[in-house]
Amino acid sequence: MKVTLLIHCPDQSGIISSVTQFFHKREGNILYLDQHVDQEAGIFFMRLECEFEGLAPKLATLKNEIQGELAGRYHMEWSLFQEGIRPRMAIFVSKYNHCLYDLLSRFRSGELEVEIPFIISNHEDLRPIAEQFQIPYHCIPVGKSNKAEAELRQLELLKAQAVDFIVLARYMQIITPRLIDAYPNSIINIHHSFLPAFAGAKPYHAAFKRGVKIIGATSHYVTEDLDAGPIIEQDVTAVSHVHTVRDFIAKGRDLEKIVLARAVKLHIARKTMVYNNKTVIFS
Amino acid sequence: MKVTLLIHCPDQSGIISSVTQFFHKREGNILYLDQHVDQEAGIFFMRLECEFEGLAPKLATLKNEIQGELAGRYHMEWSLFQEGIRPRMAIFVSKYNHCLYDLLSRFRSGELEVEIPFIISNHEDLRPIAEQFQIPYHCIPVGKSNKAEAELRQLELLKAQAVDFIVLARYMQIITPRLIDAYPNSIINIHHSFLPAFAGAKPYHAAFKRGVKIIGATSHYVTEDLDAGPIIEQDVTAVSHVHTVRDFIAKGRDLEKIVLARAVKLHIARKTMVYNNKTVIFS
Amino acid sequence: MKVTLLIHCPDQSGIISSVTQFFHKREGNILYLDQHVDQEAGIFFMRLECEFEGLAPKLATLKNEIQGELAGRYHMEWSLFQEGIRPRMAIFVSKYNHCLYDLLSRFRSGELEVEIPFIISNHEDLRPIAEQFQIPYHCIPVGKSNKAEAELRQLELLKAQAVDFIVLARYMQIITPRLIDAYPNSIINIHHSFLPAFAGAKPYHAAFKRGVKIIGATSHYVTEDLDAGPIIEQDVTAVSHVHTVRDFIAKGRDLEKIVLARAVKLHIARKTMVYNNKTVIFS
Amino acid sequence: MKVTLLIHCPDQSGIISSVTQFFHKREGNILYLDQHVDQEAGIFFMRLECEFEGLAPKLATLKNEIQGELAGRYHMEWSLFQEGIRPRMAIFVSKYNHCLYDLLSRFRSGELEVEIPFIISNHEDLRPIAEQFQIPYHCIPVGKSNKAEAELRQLELLKAQAVDFIVLARYMQIITPRLIDAYPNSIINIHHSFLPAFAGAKPYHAAFKRGVKIIGATSHYVTEDLDAGPIIEQDVTAVSHVHTVRDFIAKGRDLEKIVLARAVKLHIARKTMVYNNKTVIFS
């Protein structure tokens, strides 16, 4: 059995020693340990992978013991994941297909260790791609009058399929607190600019107008503030005066799909932690 | 004799043909020609290098003929530079020394084909570096009460030494319209962020707070809008949660000096043109 | 009618002037002109886009006149392409699917202005992807005994479908002179290293062993020397000691597909010229 | 008192737990811990920073106890450094000045926490820069006949000044085993290519001839195999057909100085470990 433990708690002396001893006593072999201290905020973060050979403790037992022996003493918030259990990922799309193609190709190639119970869209346009990759596709149109209702239907589907996290693969609707509260730090968005520059609509047009020499894409967890959630991953590419807005958009597509895929992989691998509207990304 | 011609004018048919014929008739050999059309704005840009062997026309004659045969017909704005005449560059600094060290080292190595008549600073701190590199150093303190007066003294020095362009190598004072008007598109600033993100003061602190995964630096021509002038050059570097604000600043120093140096070299080589608050940067 | 003209010839005075006049006289509007002189080799290169409104010359007439009025005089090698005529691209694959998925997704999204008459593979593995995207798939196994025969069958298919260029999307067989001669500068390969480092087999393993801090991918035209043809495009990504060979391979997949797609797009847009085993890539 | 501990040893269960307990028992506060396991080689690496408040153990005592309680049990190779003790760095140069200017500017700005007892060169050319920055400069010419003798004189100077490590800032002589053996993993070189491509002489010329689209620089520890030592840091920059060899050299200068400076900083911060001709670079 192999487990991954994520911890954050107020920084104090002795945590690493206590945690490593905890696993050592249970004959676990620590394969990976990374820690980080935010000196300013006084917070300690840790990610640890531990392998148990032979007689491994039961997961429930292990969780109880972590709570009993470690969590209380150090005021830890923590989570424990067992390797081999694939998280369930829903994809939300609108009309742009490049991120969807990219995610589904990676999924079919075995690159993403998830289950994808379904795709939700507010349009019918991308149904053929879902069919091509044999993933269920639910079209839930969103208009001014039915926004709340549409969201209820989304939530129903998400619950029915026990979805763990959501990927907005260029989904062009604003997510409301109801959904965000149901999926805290579990909705991954791709924004087509180097945030915080050019938040909001039409960032490539804005970047073109400003005459920037580099454009970017940003993947972040969705929070109530539009395009202001904790950043998971960013990347950029050079542009010049020869490029039109259309060129920006074409170059941006490649950025968007790469940056989104990296963020999704980090999330799946439990390498992201969120605090103070920022992320710790373990290596 | 070798000359560089920069042109911009309303886009229309036949310009390239007319201009190349103009030089061909005078037995000039075109070494380099690059053109760009901003389709949206309908503006044509061109940079051309031409070499005359043997009996070259006089520069003044050439200028007259360009005006007479080309400029009027196509409503051109143009400038002609003769190779070998070094532009005169003033450097403004405050207390940070990394950009100054970098520029002066490049200058002494022969990398920058300019004259540097002097350095101006609002502080005494960097005088030793000026002395080390044997460049005159004028300390003109700037306070609330004497800002206008200080600027007049700067202008006097700039005129007395026939300065062509100014490099703000982390000069921590806001430049006022009086100076900007005297040096249109000729004051190069380095801002320590990936503009338009984090304009204004303390960009590294703001970037740290926002939790970005990439930081940048931007070199631009100074206009009346703070940090909003035409961008000449940008570059970025990756950061992560392990980096403190101090690390951002240290990494940023390397970005700043490289980006500023590139912008200065482009300006010296007459490879920059400005329009609509953007730049065309020729290769 | 819009045409693109590519020229290379010995460098000499007056070429640009002659060529631009040639189009100006025919009431063509030059939309784009880029030229390059390799000073060392004394070769002149040019790419020009010209639009004819109203009464455009016939393509055949234009070709005759270019040959008659320009090519002879300047010893030009040249080619002329009419916009709107899609080149026909064959894809060769083996077992890796990421580049194939990427190319077909881009094709279906309208990003690649080509026809894809078929995919050739030496294995059956990727047939489902071809079917998923509804592209004909020919499996031509290649063994030691039937290599020549297999190639003849490939050539037959290529001719029958009038294929213009070939993309080796991680095709794991060496291409022989017979095919190379039939498609000079028209077979695009993606090699999974930063060439010339790690040419040949298993470059990620070699890079890992050497302890490099950056890995790359290189797209090039295939010549008789393995992995030594003219480079079209390269890109890199950072790695560190935490990455295993498997991580290199995973990171490399993203590089490979992006670099290959960029090279294919440049080729389609007629922005590549080859000489002295190098490329000129127009902007 | 703050110390940094570097360890490598055969991988086995319980090391992290033992080491962290060791410091915890002595009331040390672990500020930073990073570990790495090379699964293939079965080697465990660790870097740990620990702060002792109040009654800190003596360094000698601590060293004895590490040896007694930890090192033997786990067959560790280890080193312990006390913060605040600046390593002594010698710089070797020939005629190129950009890396020297860069290192000395950083040193004077307080960026490099070292002592620089002297610069050694085989030429007189850069003496004025040494004088400008007030660092002793020893010119030791190296010819065919006096190579061994010259090296002896270098060694004498290095010993007399208790030099800890050497930076070859574009020093154009091959270092022989005598010097390498005296400074194992302590001679940092900058090579002006993306190694292993273009090892040896004139890499920019070779890169130009090959038509690469990206050039690089590599900093590595010097071993007996030329340009084949453990890589510390690499970086790259894009080039195109418009760039001449001279442009490659100019762009390369900026790469070289940045890459060398980063490597030197990593070495000073004790963030590098060497094994199997590779490096582990801690964050």
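Per-chain residue numbering starts at 1, and chain names A, B, C and D are given in the order in which the chains are listed.
Rule of thumb we're sticking to: a contact is a pair of C-beta atoms (placed from the backbone, for glycine too) under 8 Å apart; a residue touches a chain by one contact, two chains touch by 3 or more.
This is a predicted model, so every value here is computed, not measured.
Fitting subunit A to subunit B on C-alpha positions gives a rotation angle of 180 degrees, to the nearest 5. Interface comparison, C-D against A-C: more C-beta pairs in contact at C-D.
Although subunit A and subunit D carry the same sequence, what matters here is overlap: shared residue numbers make up over half of all numbers found at their interface. The chain with its CA mean position farthest from that of subunit C is D.
Between subunit C and subunit D, the centres computed from C-alpha atoms are 42 Å apart.
Per-chain Cα centroids separate subunit A from subunit C by 36 Å.
Residues of subunit B in contact with at least two other chains: 240, 242, 283. Partner subunit A is touched in their complex by these residues of subunit D: 13-14, 16-17, 20-21, 23-24, 27, 29-35, 37, 238, 283.
Residues of subunit C that touch subunit D in their complex: 36, 38-40, 194-198, 210-214, 216, 230-236, 240-242, 244, 276-281. Taken together, the subunit B residues at the contact with subunit D in this complex read 97-98, 101-102, 105, 108-109, 111, 132-133, 240, 242, 250, 253-254, 258, 261, 283.
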